[in-house]
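Both complexes shown next keep chain A, but they swap its partner, so chain B is in the first and chain C is in the second.
So, the complex of A and B:
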């Protein structure tokens, strides 16, 4: 009795080792970057070190909790003082917002609008209000979701720990884009402030400075939060990719040209690995869903604001071109281009990272369908997953309003075009009305 | 609306009887206390109805200060009609909520079952069959309910949306073309009526969305059974059946065969309203 079981155990152990070896020496088959890092490298906080800068910015502005590092694979809730700090910062932000709205109502604020027409002014007003609304909402939602964010981080860390233990692989993140985007945001906002102050004439009171500065900070922080959400999505995406690669190792294409014995020994570990894969996939889906729930309201608001800003800036450019017979005043052009560049970049980033993650999550069943499953047992394992994934498309939705993926970018720009046409029609109506009035007075 | 309600009252009664029957047989022993969104939505709906009534009263009262007895009677009559319409909306809302809560209980049962299977080495359970049966009965009930209330709810939504569009449009006309200054009281009146209408509309969308999301969660929970090794064949089969059933017959609310009610639809409706408002303003721009 006992020797038998011993033998079996030996065999199982061997096959495990084999799988591990087959994982590491074929980086081209199982993907490259994710496996390069050695598992025994000193890990401080391996998952979030790539987005450390952006995390510290968000922590300082009170949008994220200043969490405690319990161990390298766990974060704890913030301490009392840090919590109080975040609370204080949020209070200051709300006070400043109220002050800003008040000073916009006074004639001091009216100087900020450099345009000539009624329609343009209405547009700028709406844009400002949308910005304020977006940021205030971001702060509120973040304050409410403190626990949720920490939970998401913990789940990701736990998953990584498990992957490290089972496969000896530390997953990297490729989130370096976050720093680039942070720089882009800072540069664009600084440039916009500079132009705005340059254009204003007359005496500039400190209130105006506060107004402009705070407006820029609001814009910048909202954009930073969006970059943070994209980075989180990217992290989840890389985990999905890992699962898919693991599964890909068992597919027909990988097993082509192997002898029967090799096949058998290769497929031996499949039942065990399939359990891990299914569990990880479920957990990743749960993380994905909770990220969606945390950020969806902010993303909806940001998309609305961003849509509006892009539209008004295109419109401004158009008005400038038609009015001055092709000669554009340089500062307005720079101003519009800075805004357009910032928002287009952010929209692209958001929709691309959502699209990539959704794609990776949905592709798992496709890969599974190609897994080599000659025996009844493997077929059962595969069917178990596939039956439960029929019509279960994973989607990142903006509060259930619409799905965000690569097609969203197209939809937004087609909506921008439609709205632009409507705005231009308004402008023409306004022009013809003015002419009529002039004729009447003559 | 009332006519249809009366016409189908027998069917309605039988549907509600089935629902209560279902609760008595299967669901009553369970603990409902931590179903938070059920409680929240009931509170919201009640609040919205009270607010609607109050805002109607304020509007009528505020716009025509000298009130004679006849006018008062007329007002009461109009308000009674509106109130009854609101109450029909509420009935549907409550029924959907009850279905939501039952599905929520099914989900919770499944979740605890998954946990139990993982923790202890139980390999079979007859519970899944029962839950499957319960779920299918709930689906049938929700379909019947949807069919009962479809015209009423469609009319209700259309009226809310058109009231919103027209009121915004008249407000714009009033302010700009008649060159009247918007008094503070009027603005507050207008905004509160608009906000309450929108809230009511959104609640009727959100509750359907809530139930639908819970239905989708069932499939997601069934996926959890994937990674439990060595399930008994019977249990495995019944879970598979349940999963297939869930993906073929989803919990959705269809009004008149025209549209499914969920958040995406609500968003599209609101966007359509905004566009319509812009067209109206453009048509009337020369007079503004």
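So, the complex of A and C:
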């Protein structure tokens, strides 16, 4: 799990690819060699080792099924008891949610809010409700998509198996970021809980503890799910990258300094490889689409929640900084900064991984357009794929509302700025009115 | 072409003055002497140190400027709302941020920039081999025009503001000159980008023109073929009319048989024409402008009536090679465009942010100035509407030109497909159709879209969006400014009443009745302000 492991693996992987290139006239020999080697592949290792931590967190919280590992390239449905466990956890979650909503209605819940003004309380109410809504939705959608998730995992594993068999390359997942994000989420939430309890005065009842704790858990788990979705996207992205690299070997830039004979032997394996590439690309697209279907509702909800949180926190931060009374509440500032840090990081991660995967998926046809086939046969192979991908727009959409990529990040932040400008102006207007009233009463 | 292809002249030859200026001002760190002798951009450690020194100097001077002029802002801070002040502070530093982004990016990219121009040179060579020439000479002219425009704008803004609006009796006011540095350096950097982009656009257009020339040539060839075949043998003419034109090549063959030696010599002269023109042109672009540059594939200005036309399009296998090469060059240019966009992505993002903010701010402060409100001292040019207009033209001109050029370049790259299809339609040959189909599928996948870090693409749509954004922000700001002003007026009128009331109260302060009198005065005087 060291950060360097990926680099080392990539180097080995590249050299293997090169070996394969030099041996390309005899692909079968190498194929059988890889086949011989495959039993040596770690059978006992759990699948998706890189995101193991995040998977176990999500499994424990009932968001993901506790699947059984059939072999190193297949996972099976969960056993009866595990299924029951997930079901039980989800039931507890829903019960807690109802309990929380109930206790928020009682005066006990009102203590939760660090109140500044009336509008701020309303803001916090909305934020809480949005959080509860997002998490409840996540739980529901996850419960419905159990089979879908297992299917996606199986498809990815099957693809890995095929790659290993054909090319002798074990694809790494490079998902170390998931652990960092998990730590970030945990740290932010713990910090927020700490500040919250620190600020509260008076007797704190156990109900309040439950409220605060459950709120943090809700936030944390939703965020973890988003990281999980990003990790899945990253995994798909790496597969796309592999396909693209494979294809790039045939582009004319690689063939510039070669003699005619070398060229011919080089292109010999193209029909076979292209078949593999097209099939893999199609399967990856299918996987990408099913990931999108699984997560998009949750992602829409999360984006909305995130947008709201970021806006209100920026606003609060600004109000604190420009406070005319000269008293800057450091608690609220830290609190706002923690929220901002968490949500900005998550938004960036999500949009970047979506953007990268979409980009890799779309670039395949561009690389293929660079493959130079002299004979009609090659040209026909190329044309078929290009024709297929003309109007095939690959996008990761948020439930069909909008496509998520880097520009989404830009749009969200420009919208936040606009709202901030309006809100701050209103606040200043309000302040000057307040001053006027104060002077009048004097 | 059997002869050894002569070296095409590198694009960087045209950049002499610009490079010298950029080097002196500290926009680019590359080695000056190597550029002079070999026309290459190479890394240079001394240049890097010099550039970092210049950057530090500029930052120091600019901060000094802000500090020395912030005396006037003291009062402003007291009267103005915090938001306006914070925004004002941000706006003062955005210019500096933009300049620093440009310079730091140039430092990081100093190796890659040379590679980029080397790739362009290789592309030029390949284009030359395909007899598709690009005229570089207008680039130098373009650079000169841009430089002159920049200097005129900068000097005008600087001097008019200095004379009109700065108190030049103090020697410290000379620091005002520093305020022009960030925009000037930014503009120099953007001229590099704009001119290189323009060069790419020209290459796309050259490819398109080559394809179109193939078409016109083939059309001429066909008309000549039918017209000429008409006279000697009516039978063949009939057949050429009734039969589909893909037998044109057969006809050509027939004509060759009939025409014999005469056509061969004529064709030779045609070929020579094609060969002579590029050399004349290349001489031309080396500075000896004796002949007007002429494209080799342009139809002859004085077409001889009986001249034998030849068309490459009638020979599908021969033209396949050429079309394939053109397609590959097109892809390479697209890749260069992408790489160029990558090199300049952060500077462009910062320029767009700067343009948006400064445009909005300048207009808003112009409004403030017409209402006799105080504005940040660094935006004093907004006090004069005429200077404001010039500033706006200068800033928006920079942004819009870049966006427009990016848009045009990606349009030109997309046009190649159309030109290619024209070839297919004109030739009307099954074999050629297949080639065209294959290549146009490939061309479809060569995409060059210019974007700022992937956040937004640089095209007309974005320009529309940005102008919409500026308008709505202005409306919001002005509305709130109005409301705040009204509120302030109300408070002030209240305060002035209070003051007079206080005076009256002090004057009539005797005995116990004073307070009641005071109350009376206040209430009576307060009434008008409460209407």
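Note that the second predicted complex is superposed on the first by the 375 of 442 C-alpha atoms of A that agree within 3 Å, B and C clash if a C-alpha of one lies under 4 Å from a C-alpha of the other, contacts with A are read in each partner's own complex, and residues count from 1 in each chain.
Going forward, a contact is a pair of C-beta atoms (placed from the backbone, for glycine too) under 8 Å apart; a residue touches a chain by one contact, two chains touch by 3 or more.
All figures in this text were calculated on a predicted structure; none of them were measured in a lab.
Student: Just to be sure I read the superposition right, which of the two partners does A:422 touch: chain B = first, chain C = second, or both, or neither?
Tutor: Both partners, chain B and chain C.
Student: Contacts for A:392 in the overlay, against chain B (first) and chain C (second): which applies, first, second, both or neither?
Tutor: In the superposition, A:392 touches chain B alone.
Student: For A:275, is the partner it touches chain B (first), chain C (second), both, or none of the two (neither)?
Tutor: It touches chain B, and chain C stays clear.
Student: Using the superposition on chain A described above, determine whether A:158 touches chain B (first), chain C (second), both, or neither.
Tutor: neither
Student: Give one of first, second, both or neither to describe whether A:180 is in contact with chain B, with chain C, with both, or with none.
Tutor: Touch partners of A:180: none, neither chain B nor chain C.
Student: Looking at chain A, does chain B or chain C touch a larger number of its residues?
Tutor: C
Student: Per the contact definition in the header, classify A:405: touching chain B only (first), chain C only (second), both, or neither.
Tutor: Touch status of A:405: second partner only.
Student: Who does A:382 touch here: chain B (first), chain C (second), both, or neither?
Tutor: A:382 contacts chain C only, not chain B.
Student: First (chain B), second (chain C), both or neither: which does A:147 touch?
Tutor: neither
Student: Kindly classify A:365 by the partners it touches after superposition: chain B alone (first), chain C alone (second), both, or neither?
Tutor: In the superposed model, A:365 contacts chain C only, not chain B.
Student: Give me the intersection of chain A's contacts with chain B and its contacts with chain C, in residue numbers.
Tutor: In the superposed arrangement, which is not itself an observed complex, chain A uses residues 383, 387, 389-390, 422, 425, 429, 433 for both chain B and chain C.
Student: Along chain A, where are the residues that touch chain B in the complex?
Tutor: Those in contact with chain B are residues 271, 275-276, 278-279, 282, 285, 383-385, 387-392, 397, 399-402, 422, 425-426, 429-430, 433.
Student: Can you name the residues of chain B that touch chain A in the complex?
Tutor: 209, 213, 219-220, 222-227, 229, 236, 240, 243-244, 247-248, 262-264, 266-267, 278, 282, 285-286
Student: For the complex, give me every residue of chain C touching chain A.
Tutor: Touch list, chain C to chain A: 81-83, 86, 324, 328, 331, 434, 437-438, 441-447, 453-456, 469, 472-473, 476-477, 480, 483-484, 487-488, 490-491, 494-495, 498.
Student: Across the complex, what residues on chain A touch chain C?
Tutor: Against chain C, the touching part of chain A is residues 252, 322, 355, 365-366, 368-370, 372, 376, 379, 382-383, 386-387, 389-390, 405-407, 409-410, 414, 418, 421-422, 424-425, 428-429, 432-433, 435-436, 439-440.
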